[in-house]
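Look for chain A in each of the two complexes below; its partner is chain B in the first and chain C in the second.
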Partner chain A sequence: MGTLVEEILSRRAGRTVQAGEIVLLDVDYMMSHDNTTPLAIKAFREIGKPIKDPGKIVIHFDHAYPAPNLLAAENQQKIVRFIQAEGITHFYKRGVCHQVMIEEGFVRPGGVVIGADSHTVTYGALGCFSTGLGSSEIGAAWVTGKTWFKVPETIFVRLEGEARPGVFSKDVMLHLAGMLGMDGATYKSLEFGGSYIAHLPMHERIVFSNMSVELGAKCGLIAPDEVTEAYLMQETKASPPLESLEPIHPRYERVIELDVSSLEPLVACHPDVDQVRPLREVEGLPIDQVYIGTCTNARYEDLAMAASILKGRQVHPFTRVLVTPASQTVYEKALANGLIEVFLQAGCTVNAPGCGACIGRHGGILAPGRSHL
Partner chain B sequence: MGRAWKFGDNLNTDEIMPARYNITIDEKELASKVFCEVRPDYAPNVRAGDVIIGGWNFGCGSSREHAPVAIRGSGAACVIAPSFARIFFRNAINIGLPILECPEAVEGIEDGDEVEVNLEEGLIFNRSKGTRFQARPLPAFVLKIVQAGGLVKFLREHDIEELTE
Partner chain C sequence: MHQDGATYKSLEFGGSYIAHLPMHERIVFSNMSVELGAKCGLIAPDEVTEAYLMQETKASPPLESLEPIHPRYERVIELDVSSLEPLVACHPDVDQVRPLREVEGLPIDQVYIGTCTNARYEDLAMAASILKGRQVHPFTRVLVTPASQTVYEKALANGLIEVFLQAGCTVNAPGCGACIGRHGGILAPGERAFTTMNRNFIGRMGSPEAEIYLGSPAAAAATAIEGKIADPRKYMG
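Moving on, here comes the complex of A and B:
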């Protein structure tokens, strides 16, 4: 009974829970990466108790991989030693943690996954309750297998209509960010539905859940349907049977209705994600760097779209275009279908899959005052 | 009692603790860089017991725990803001950095004011102006974590089930 988040957390709790209640729940997986694992290990050691189930721990190297400096290399070596000592088998160096979590089958409808990364909310697109926590909580969950949640109120976003050509889910989400602001959904669950979502392919749905945290949300959920099932079965290692899930007599704190057919391509401008302007207003500005990557938009379909624009053209000599596929799997598919060749011929630099330049630590650092898209 | 250091709205964790310095987990080293871009005078001048006065949505952005750890390492006794970003709120509690939500106090305290905080009762005193504010109380189980000095210290002595008892 209830909203999607209430339904998922009720099933896990084994009783009906409602917004406002605090619940202590078993989690399916605890995710962390090279940036957040060291503090989790520190917390784990300070607690001084054994790991409950190493099979629930998933560790990725993606934030600064391959290590760009000595300190990062030493940190990663320490994590590797920890992984070996504790018998942790889910260890990946295949790209951005969130994409790999989905591809490797850790994400499924009705699941509960926590991660030491704010964009852990991404898995909500597949009907999985997932949220970002700090490293210490992840280290604590290694020991307890559990974590506490306050069941959030839900804002339902009903999206109707057909988007104009050139308008994608990222534009719709940016419009919502501009509308609600960076704290417009703080502590809340965002639930996305309506005919626009129903017809949307998974790589575009993921954008809504992924960016929910940009509005402060605890999770961003989409009810699983046939699109979800087909994606999980064809594109990931998730195995059947999949749980079916839908909101049942939900009580929403607020309902936002939006007809997407009126929207145009948008850009979020420095310094904040809610500083949204129509693309036409910034058109013509010189750009020093273009980054085609991130956990929001570096899946195969995104790269295919970028390649269709770049094919047969040349990047401006004073602009740096970086292409960082979300994962090795995405990279392989892009390579097999000739996308990488298009990027290279256009004068782009193709980087190893991972978080890359997005966190500003390696793989395309900008000088102060430079413009970046 | 300590000096108030005031910050603006939507201060994100990258502004609190820039990503390029997060390659260490040493608390003192992190503290030496905390707020280094938005407020370079903070780290060299902060004293133990000083109080951070944040704006709306304090600590938004990435989940990095380095941000509250760096604030704690700098000696700050407490962060007071009208509202916190969700993960920062959890992180601060879990590492034992006291935080209080109180829009009125943030409005009534200026940078440099002398501020005193009574955490148990959620009372905030502005000694420079002789005013007093009541913060929203923390939920009981959250208080248990804060009183233990953070989740790690709590779990050393207790089982997690005791949190919700």
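Moving on, here comes the complex of A and C:
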């Protein structure tokens, strides 16, 4: 009963729970990466108790891998020793943690996944309650297999209509960011629905869940449907049967209605994600670096769209153009379908899968006064 | 000859081994001559040189002919390469060379196939022939960095990049990569790397407490599979 988040958390709690309640729940998986695992290990050691189930721990090297400096190298060395000592088998060096979590089958409708990374909200697009927690919370959850939440209120975002050519889910999400602001959904569950979402392929749905945290949301959920099922069965290692899930007599704190057919291509301008303007207003602004990557928009279809534009063309000689596939799996598919060749021939630099330039630690650091898209 | 064995000398390489050697292997001699202190490392151009320049580079004809004429050498070194076996330059210097079999089994944290020494197309093809259908060791980072965008494109067209990805390697953008210890594969204290680089002095790839071993692309690929220094011959042909 209730909104999507209430429905998921009620099932997990084994009783009907409502927004505002505190719940203590078993989690399916606890995710962390090279940046956050060291702090989780520290908290875990301070607790001084054994890991409840190493099979629920998933660790990724993606933020600064291969290590760009000595500190990162030492942290990764510590993590590897921990993984070996504790018998943790879910250890990945295959790209951005969130993409790999989905591909490797850790994400399922009705699931509960926590991660030591804010963009853990990404899995909401598949009907999985997922959220980012502090590293020490993750370290504690290793011991208990559980964590607690306050069930969030829900803002339902009803998206109707058909987007014009050249308008993608990224533009729609940026419009919402501009509309709601960076604190517009603090500790809320953003639930996305409507006819636009119903017809949207999974790689575009993921953008809504992924960026919901930019508005402060606790999670960003989309009810699973046949698109979800087909994606999970064809593109990931998730195995059937999959849970059915939908909001039942939901009581929303607020409902936002938007006809996406009115939107044009948008850009979030320096210095905040909610400084959103029509692209035409900033058209012509010189750009020093273009980065096609990250957990938001570096899936196969994103690369295919970029390649369709770059094919047979050359990138600007004084603009660095970096392409970083979200995962090794995405890279392999892009390779098999000729996209990597297109990028190389256009003069792009194709980097190893991972977070890459996004976090300012390696692979495309900006100098003062430089612009980036 | 050691690291100061050719200080400010010109190393000139010749003989029947060189005459039959393809360009990607010849380049290794010139590239590493500076590790012996040499001012330059020369090979007289021949039909292999000409074919390489015409087919693999943008150099345009006519090419100059060139050979030593009545040369007076300071010293002549003679070597029959048929007596050699796979070798490894051990930590911490390029002249700490031992037969690979003597260090076989030494655990390796990072394998790096890259650099100006040994990351040309044929080097990658050799490594890929060993890695094809196999998986790299789960606790060994295996980094492949093609020497150039052109090498990358050729490797891509011929399926090598696919082999590396499927084997679990990390394929990086062309460049010097991990070799210079500035990004893309820094070693932590106590870690040990096996690489196709040309130098292995202390601190080259990160921590001064890390160790670097140098060998061929084939040896690097075999080591990647086993997670410890391995003889490539058991994986070849």
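The working rule: the second predicted complex is superposed on the first by the 373 of 373 C-alpha atoms of A that agree within 3 Å, B and C clash if a C-alpha of one lies under 4 Å from a C-alpha of the other, contacts with A are read in each partner's own complex, and residues count from 1 in each chain.
What we mean here is this: contacts are C-beta pairs under 8 Å (C-beta built on N, C-alpha and C of every residue); 3 or more make two chains touch, one makes a residue touch a chain.
Computed from a predicted model, the values in this text were never measured in an experiment.
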Combined model on chain A where chain B meets chain C, clash or fit: fit
With both complexes overlaid on chain A, does A:K42 touch chain B (first), chain C (second), both or neither? first
Identify the partner contact of A:Q84: answer first if only chain B is touched, second if only chain C is, both if each is, neither if none is. second
Can A:G363 be said to touch chain B (first), chain C (second), both, or neither? second
So in the superposed three-chain picture, is A:I340 touching just chain B, just chain C, both, or none of them (first/second/both/neither)? second
Please work out whether A:V350 is in contact with chain B alone, chain C alone, both, or neither, and reply first, second, both or neither. second
So, A:N69: does it touch chain B (first), chain C (second), both, or neither? both
Under the stated touch criterion, which partner chain does A:Y331 make contact with: chain B (first), chain C (second), both, or neither? second
With the two complexes superposed on chain A, say which partner A:L25 touches: chain B (first), chain C (second), both, or neither. neither
When the two structures are laid over each other on chain A, which of chain B and chain C touches more residues of chain A? B
So if I take every C-alpha atom in chain B and every one in chain C after superposing, what is the smallest distance between them in Å? 13
With the touch criterion stated at the top, can you tell me which chain A residues are shared between the chain B interface and the chain C interface? 69, 72
So in the complex, the part of chain A that touches chain B is made up of which residues? 22-24, 35-36, 38-39, 42-43, 46-49, 64, 69, 71-72, 75, 116-118, 120, 132-137, 139-140, 143-144, 146, 148, 182-183, 186-187, 216-218, 272, 359-361
For the complex, give me every residue of chain B touching chain A. 10, 19-20, 22-25, 56-57, 60-66, 68-69, 83, 85-87, 90-91, 94-95, 139, 141, 150-153, 155-156, 159-161, 163-164
Under the stated contact criterion, what part of chain C meets chain A in this complex? 109-110, 138-139, 141, 143, 149, 152-153, 156-157, 161-162, 165-166, 168, 170-173, 178, 182-191, 206-207
For chain A, which residues are in contact with chain C within the complex? 65-70, 72-74, 76-77, 80, 84, 91, 93, 328, 331-332, 335-336, 340-341, 344-345, 349-353, 362-363
